[in-house]
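Two complexes, one shared chain (subunit A), two partners (subunit B, subunit C).
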Partner chain A sequence: MNLGTRKILDRSFTAVGITSILLMAAALLVVVVPIFSGGIGAIFFKGTIEHRKIQYNEFEKGSRKVIDRQIAEVTPYRQEVYRILDAFEADMETMEPAEKRDYLSKYKKVRDIVAHLLGPIPGDPEPILLRYQYGTTRWEKAEESLHDLMFVTKWDYSNPEEMAKQYFVPRADEFAGTALAALFPYMEKNLDKMLLPEQTFYWGFLTERSLDAHIFGGIWAEIQGTFFLAVGAMLFAFPLGVIAAIYFTEYARENFFTSVLRSANSTLAGVPSIVFGLFGLAFFINTIKVSDSKSVLAGSLTLAIMILPTIIRAAEEAILSVPRAYKEASMGLGSTKWRTILTVILPAALPGIITGGIISLGRAAGETAPIIFTAAVSVGATIGVADVFTQPTPALSWNIYNLASEHEAANEIRHVQYGMVLSLISIVLLLNLSAILLRAHVSKKLKG
Partner chain B sequence: MAEATATGGKKSEAFVLSPEKLRRQRITKFIGEGVLLAVASFVAIVVLFIFYFVAVDAIPFFQQRGFVEFFTSTGWYPADEPGEFGALAIIYGSGMVTMGSALIAVPLGISAAICLSDVLPFSVRQYAKPVIEMLAAIPSVAYGFFALVIFAPLLQNYGGPILMWAWWLIAGPFVFLAVIVVGDLLTSKGGDGSKRKIVRIVLTGALAFLATLFLYWVGQTLFAIQILSGTNALNVSLILSFMALPTIVSVSEDSLQAVGRELREGSYALGATRAETIVKTVLPAASSGILAAVILGIMRALGETMVVWMASGNSSHIPEPWFNYLDSIRTLTATIAGDMGEADQVTGSERYHVLFAMGLLLLVFSFISNLVSERIVLRQRKILSGE
Partner chain C sequence: MQEVLKKKSGENRALAPRESRKTIGNINVQNPRMVCRNVNVFYDEKQAIRNVSIDIGRNEVLAMIGPSGCGKSTFLRCLNRMNDTIDSCHVTGEILFDGKNIYDASVDVVPLRAQIGMVFQKPNPFPKSIYENVAWAPKIHGIVESKSDADEIVESSLQKAGLWEEVKDRLDQPGTGLSGGQQQRLCIARAIAVSPEVILMDEPCSALDPIATAKIEDLIEELRTQYTIAIVTHSMQQASRVSQRTAFFHLGDLIEVGSTETIFTKPSHQLTEDYITGRYG
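Showing the complex of A and B:
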């Protein structure tokens, strides 16, 4: 082959390698950046007066005076809307039955959107579900609803070759010439005066309980559940893993039995996470009955088994990386093997062992499949420490799935889902970051 | 002075152990090692327990329904009375997304591993490693959320353009590289200097023209594709490949590092370029370790639950035609996760046991591939150490 071609091939080979690394970095960014920007929206957003009402009524946050003043501010604008609605209802009474029927369903849609924006319309019975007791709490959602109010969404099926196209027709056209026609320009012009959007820093998203299946409120129950499950798993797995690692590095002889144990360890590391869930269900709950049904304890035990191989491997590596000289010096001073391990090897290996522990903690916090059948519930209150032996808990990982895939209003509460994903990723990545930094520190120190 | 010696003598007596003390020490040591051994065997016991308890709940299914229906039928109606439990389409779906993710992750992962071990200087490598670790650390449910909420709508709305751009960016460079190589190979024999050069330029130009036409034609075909649902096998394969990448990269990098310097230096000394050294010398030597990495990466994709559950569309059928990655599929893991919620209330029914049968299938598969990859790595280590 020509020398020039060989050079080109060599260069492009390098380019392919570097591109693949860059692609991985890009993949990381592509996944993390939208989640980050979306998740921030759960905490920083333009909150309406309805948000402040909920905060005051349910969590006693904010001041009565301010809220009263703002309610007084918005009331005249809202009254005007209700007046227009009343006027149209009165008009409808005088219409022909056919015409009235025609308007009725269209009018109901308008009324529903107004109620969704501003809260229950005066004169209606008090709704039972919390989600109908308040209007829209977030300004960007209010703008979406306003768009729904202003325009009817229609689909164009005229071209059977292509997918149907969406187009909008002004809703005011449907009510042209009636009393209701005045509502649309009025709402468009005065919506901000009816809702008073303010830039809100909603720290309570992380520390408050959820209200009405996450339609309002925060995610504290999930954060706490994740914490219980991950820490519980560590309580079981960490001591076991470190002891097993000591055995493998200091005591095990190279024989068939040891190689079987090592194989078992890598087998356990390769078991699909959902199979851990099946095992947890069949063993911890159905066979030895650590609890009557799902519980934090059963979930923690299942997670502990899952992270055990990782902890053992990390601890083994940490122990093996302690320089031989340390051990020989200790032995040379006459201390026993066990004393050498306890006083010399373990302290030197400890940062490395902890690094492995932190990474496993992150893994336990993020894993979903093992806790589906053993510990997680979709809606639940926060539980106390004493309840962990008997009660299931909501957890970030499970609730992200649940809210995104199974919640009845999954599209309405995207901000909550993003907030949860961001919280989970932040927890896991921070744990990993601290592990990476700790490791860098340790390897520098061991090198001297 | 005499006193000091006397006390010293007394002290040294304390270091001499009496037979009784020695025996006690030996017993403590024995018990201590026993406890350590017991804890270390705990992992093996857990593995046995997992096999036992999954199998115990899986066997009743095979006793009642036999093997034939499960492995050969595509009818999956577990809720009907009587139910149908044909898992062929589901097994096929699992295989399909696993293959898809391997097709993306294996070339990417191996070239990244080569880059990390042989190309990049150490200072840059230190920054590349955390990226891979972060990619591995992101929880699967977050990937699932990304696939479902962000990527699926994109794929649905801009599927054609996305496919076309991906085609140009990925295939383009390789096709033009192939053109240059083929042009060189065809003209490398016969003829004298200047004439051969002209022939080569003309030939390469003609080939490049044909290649551009080919790229354009495929690109336009892809551009015209309309993706009906963003939750499909392509989406899942791509996301799963992100998740399999860290495993593939780190295990193959270890294996590349294990190939000694002498081999590389020997190759350089014979005048090979870096690419030639890696492709012709290092990769063959590390091939078994890389194979192990690929097996582990594939297992990671096969065993993944949340992404496929959220973003595969969960429809139990074999796509038409069989390689249609734009169709929805359903996998073993997603079926277990999705159906257990309903089957749990009917513990002991066929619906419950069939899920354990699927779990057993996954378990056996992961066990075998783990053993295989372990053997491969051990063998490579032995060969490289020259035993």
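Showing the complex of A and C:
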């Protein structure tokens, strides 16, 4: 091959390599940017007075004085809304039955939206669910509801060839000539005066419990559950894995038995996580009954089994990469094998072992399938450390899935879901970052 | 030296033929420290050492020379049972230390290896501080109890190894940060910290520059007054400089033993002469 061709090949190879890395980076950006912006929205947003009321009533945060003053500020504007509603209701009483029936269903929608925006309408019975006791807490959600109030969404089915088209009709038209017609321009003009949006830094999203299945409140129960499960899994898997790696590298002789063990280990590393989940249910809960039903303990054990092969592998590699010279030096000085392993080989292998451990910890924190059947519940209280043996827990990975697919108000609380995703990604990234830093620190200390 | 040798080989000395594999020379010494008799070493089926018998005397430096693969390192590693760490290796014959066979089932290798220390080809300090490198072995053998004991041992060992002046101000720094020659002297200090009686050296200077090598050789000369030393070396100059007796190995056989002077000036075996005059090796 002549020099010209070789250069061209070299360059095209470089170009392909750089392109693929750029593609990866672009893909990462496409994924990470929405997660980040959406997740940050769970903490930084324009909060309304309803948010501040919840914070005060449920978590005793904020000042009574300020809230009272703001309530006094919004009340006149809200009174006007209620007055218009009352006037229209009074009007309806005087209508013909057919006309009244026609208005009634349309009016109910309006009333629901107003209640959703401002909280229960005076005179209505006190709602039982927390979600109906307060109005809209986030300004952008309030604006969406306002749009719903102002316009009726219609679908145009005229062309059977194409998908139906969405279009909006002003709702005021439905009530033209009635007392309610005044409501729409009034709401549009004065909504901010009724809700008093303020830029809010809601740190409590990370540290407070959820209220009414994540409609309000934070995700502390999930963060804590994730922490319990991942740390629990490490408590089982890390010591076992390191001991197994020591056995494989220092004690096991090359024979049929150990080669079977090794290939079993590699196979386990490739088993899909849902299989581990079913195994955990069948073995830990149904067979040996570590707990009556789902529990953090059963989930941790299942996760531990799942990450064990990775830990063994990483520790084995790390131990094998310790220079033989260290071992010989130690043995040559008359140290026992066990002491050599403990004081010379393990310290030198520590950076690699720790890295493998923390990356497995990140994996345990992020896995969903193994905990579906063994540990996770969609809505649950924040549990204490003493409850881990008997109680299930919410966990970030599972609740992200739950909010995305099964939650009754999934559309209303996308920000919570994004917040959870961002928290989970941050936890895993932080773990990996700490693995890198720890590794650098330890190996620097060893090398000098 | 080679000039001298060439001249000498011109003389009509009767040399043992190349084909003879019997050990020539006096394997015995007065009042020996270690006595090896009929030592055979096998790696699985392959025999690496055949029927080697030799004494190692007190306060002498025994050099073991020979071409690559002749088994000299294997033999050296038998002397403190370092070969135990290799699964496929097994040893027959007797190696007596203080009148006891070290391959006897009742012998504990832990104190044995403290008595017969070893210095390796490549400097291999632990990834710990200089102080820890030296103090580690005395600690695990329970020789030191207090911090002051350890300080004393560290200082005296480093002094014996001729390293104290160079490192006394940075004992807490990692041993791996020293230069190659300093690292090797640190390894020697580490070995003598447990007060061994014999020190085995496996090509201790092969990874070092000439100046560092000279320092180690001076050190060996000093250590000889207190310890028995067996050294494997590839450098015949080194063997002739540091040793009193020399053993020549060839393909697993001990071909010739004698005082260093005799071996290098009047070798009796054809193979020995060929090797030291550089015809192969």
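Before moving on, here are some points about what is shown:
Throughout what follows, the second predicted complex is superposed on the first by the 421 of 448 C-alpha atoms of A that agree within 3 Å, B and C clash if a C-alpha of one lies under 4 Å from a C-alpha of the other, contacts with A are read in each partner's own complex, and residues count from 1 in each chain.
In this text, a contact is a pair of C-beta atoms (placed from the backbone, for glycine too) under 8 Å apart; a residue touches a chain by one contact, two chains touch by 3 or more.
The model shown is predicted, which means the values in this text are computed figures rather than measured ones.
Of the two partner chains, neither subunit B nor subunit C is touched by A:438. Of the two partner chains placed around the shared chain by superposition, subunit C is the only one that A:335 touches, whereas subunit B remains out of contact. By the document's definition of touching, of the two partners only subunit B reaches A:13; subunit C does not. Residue contacts after overlaying the shared chain place A:260 against subunit B, while subunit C stays out of touching range. Looking at the superposed arrangement, the partner reaching more residues of subunit A, out of subunit B and subunit C, is B. Of the two partner chains, subunit B is the only one that A:274 touches; subunit C does not reach it. Of the two partner chains, subunit B is the only one that A:5 touches; subunit C does not reach it. In the overlay built on the shared chain, the residue A:243 is in contact with subunit B alone; subunit C does not reach it. In the superposed pair of complexes, A:150 makes contact with neither subunit B nor subunit C. The intersection of subunit A residues touching subunit B with those touching subunit C, taken from the two complexes, comprises 336.
Listing the residues of subunit C that touch subunit A in their complex gives 80, 82, 85, 87, 109-115, 117-118, 120, 122, 124-127, 136-137, 140-141, 173-177, 187, 190-191, 194.
Interface residues of subunit A, counted against subunit C in their complex, comprise 253, 323, 325-336, 339, 343-344, 347-348, 446-448.
Within the complex, the subunit B residues that touch subunit A are 25, 29, 32-33, 35-37, 39-44, 46-47, 49-50, 53-54, 56-57, 107-109, 111-112, 114-116, 119-120, 128, 130-135, 137-146, 148-150, 173, 177, 180-181, 184-185, 188, 226, 228, 242, 245, 249, 273-276, 278-279, 296, 299, 302-306, 309-310, 333, 336-337, 340-341, 344, 347, 355-356, 359, 362-363, 366-367, 369-371, 374. Against subunit B, the residues of subunit A that register as touching in their complex are 1-2, 5-10, 12-21, 23-25, 27-28, 31-32, 34-35, 162-163, 240, 243-244, 246-248, 251-252, 260-261, 263-279, 281-283, 286-287, 305, 308-309, 312, 336, 338, 359, 362-363, 365-369, 372-373, 397-398, 400-401, 404-405, 414, 417, 421, 424-425, 428-429, 432, 436.
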